[in-house]
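See the structures that follow.
What follows is a pair of complexes built around chain A, which joins chain B in one and chain C in the other.
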Partner chain A sequence: MSMNDLKIVSTQSTPLIETDSARGVIYMEGDSYPENSFEFYSELVAWVTRYLKDNERPLVVELALLYLNTSSIKVMMDIFDELEEAHQQGREVKVNWRYDADNERVAELAEEFKEDCSFSFNIIGQE
Partner chain B sequence: MLVSDLYELRERFDDEKILLCFNGPISRSLIEEIGNALRNYLKSEQASPASAIDVFAVYIELTQNIRHYALKSGLTGADMATVVVSFRDGHYHISAGNLVRLKDGESVQSAVNALAGLDKTELKKRYKEQLRKPRDEQATTGAGLGLIDMARKATAPVQASLKPLANDTGYLSLSVQI
Partner chain C sequence: MKSDIKALEQRVVSALADNHNLEHPLYDVLDELWQYNQNQWSRIEQMIRVSDSYQDMILQREKTLGERFDKHLRQLEKITRISDRYQTALREANLELEQASYIDALTGLPNRRKMLRRLKTEFEMRPESLCLAMIDIDHFKRINDEFGHLMGDDVLVSVGNLIEHTVGELGHIARWGGEEFLVIFSQAGQLEVERCLEQLAKVIREARFDSGEGISIRTTISIGKSHYQTGDTIDALITRADNALYQAKNSGRDRVVFG
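Here is the complex of A and B:
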């Protein structure tokens, strides 16, 4: 883990966020409904921008997110848009979103993000 | 209220099938704590994961809208929220109300009414358009994305009522059926 990586512990209303610039991985897990999502996600948004700017390596986003309030959805859409732009320029980008197969709402949420992304976006239901 | 009156209040709650009710100044931590209680209740009642997430989502959007409005408007008393969750006739109903400036209440009411006639496909289109709008533009239209999101989750048109009060204010109530 380099100096610039993030390790944000989860709270009731915010997810765990970890980044690994050496491996090119972002990991997020849990619920996301902070009152001010733009503020909460500013570090992650800055990390993504810097990672994409600083090197040419692939980026894999591993997600186990459950419920997102609409302002968190807006921020995630902004991040996916940035990944899409990088992908259009030839970057290898991948999202793997794992969810409990009983909870179809999570799959529906992930599916709506996927619709707007042309990179590899896997929605993986787990028993 | 006298202590002896509480029984009548409780009977009223029971009659109305109210499972959760809050009235008072709402804070970030209260939203989380009441939300937690709501989730536990839904779990104990064995609501489906889909209904549980929808009810919780609507509760969060409604209460966070009130918090954002209270902070942004600076209107005294706007953070005094009334929140009610009930289960009647096979549906969950999530309602929330607060004091607003009359013109703000009217614009929310017209935004809600404009969504009422749209089907699921049209609502999804609106939702995606709103999601793509720059943040500044979103801020000026207020709770745009949240209102569309609730309309998409609702199983009946969202109800908005506005009761005019003194000094160009009003009491805005929104009610969502899941």
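Here is the complex of A and C:
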């Protein structure tokens, strides 16, 4: 319970990232094309690993991501892989990917990410 | 052969166990040889065990490496696919934006930026046949003041449509500024252009725009025309059309002045 939560404000090239270890939620919103994605996401990746290691509680990932550069795609896939592994071991994990219903392209891309995930992965269009 | 060894071992064990042999001169040397033989066997067994576990380890490692390789390959393919789709989406969005950046949002006509590009192209291809008509709605501010900006916008759109329709294939229209339109004629004869512009002034003069309150709004336009002269630049051509428009305004509006 004493985990350090993240609160990273969004910039033009990086998304907002917030974690809530008490509720078991990660929230991400915006575009993601940092100059160095692996460095930018290192804290989040570490947080996920620690959260999954430290307790047995469910984890919900709330996403409203638009544009991802290639290295950000890699980071997201790594995180989803980790969630998948946890899910295989019986953990309750869920991804809710929300998008503007006017922008079908975002939904198509979210579908690509969903493909290899057997846990609950919802792609939700919003008016 | 193996059973012979078993039998031989049995004979050695029995001989060493028999107390009658203790005093035999070969007893010590046989006993020592037997111990040595047993040590060798246990060493060989140990070596086999170590060797087996090495093989296990390598097999395991190869399997893990193979799994990791497969996983990375799968990831790479997927990343490439997603990345490509993002690029396609961005490119499409770019094209849409580019299209939008050449269109005037209110009238749906090409905007000033688009017109400048067209002017540049036409000017490079065949400047000698270029004609410009700068068109301004007369007393447009009064329409806005009297009927409101929404009605003013409607009139603006209608006038734009009428100009486009009247000019037809002869030229290309753009919204140039507030209530100003610019028409470019690239392949029409002077006379044809002048007749078209006179006709245009007449069409607007006779048009009635419904104000929605039972009142029909009337308006007129002033037009300044210029045509290419030797040594012209695009700016000079536009300036002469502007000046002609200014003269049309100053000499009573609702007319065409050929600069």
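Note that the second predicted complex is superposed on the first by the 124 of 127 C-alpha atoms of A that agree within 3 Å, B and C clash if a C-alpha of one lies under 4 Å from a C-alpha of the other, contacts with A are read in each partner's own complex, and residues count from 1 in each chain.
We adopt the following convention: contacts are C-beta pairs under 8 Å (C-beta built on N, C-alpha and C of every residue); 3 or more make two chains touch, one makes a residue touch a chain.
Quick caveat: nothing in here was measured; it's all calculated off a predicted structure.
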Original post:
Taking chain A as the common reference for superposition, should the pair chain B and chain C be classed as clashing or as fitting?
Top reply: clash
Subject >> Which of chain B and chain C A:74 touches, first, second, both or neither >> reply: both
Subject >> Touching partner for A:13 - first (chain B), second (chain C), both, neither >> reply: first
Original post:
Is it chain B or chain C that touches the larger share of residues in chain A?
Top reply: B
Original post:
Of the two partner chains, chain B (first) and chain C (second), which one does A:38 touch, if any: first, second, both, or neither?
Top reply: first
**OP:** Look at A:105 in the shared chain and tell me whether it touches chain B only, chain C only, both, or neither; answer first, second, both or neither.
**Re:** both
**OP:** Have a look at 59-67, 113-121 or 131-139 and say which bit of chain B overlaps chain C after the superposition.
**Re:** 131-139
**OP:** Identify the overlap between the chain B-contacting and the chain C-contacting residues of chain A.
**Re:** 67, 69-70, 73-74, 77, 105, 112, 116
Original post:
Considering the complex alone, what residue numbers of chain A touch chain C?
Top reply: 67-70, 73-74, 77, 81, 105, 108-109, 112-113, 115-116
Subject >> chain B residues touching chain A - in the complex, by the definition given at the top >> reply: 28, 31-32, 36, 49-50, 53-54, 56-57, 60-61, 64, 67-68, 128, 131-132, 135, 138, 145-146, 149
Original post:
In their complex, what parts of chain A are in touch with chain B?
Top reply: 12-13, 33, 35, 38, 66-67, 69-71, 73-74, 77, 100, 102-106, 112, 116
Original post:
Considering the complex alone, what residue numbers of chain C touch chain A?
Top reply: 71, 74-75, 78-79, 81-83, 85-86, 89-90, 92
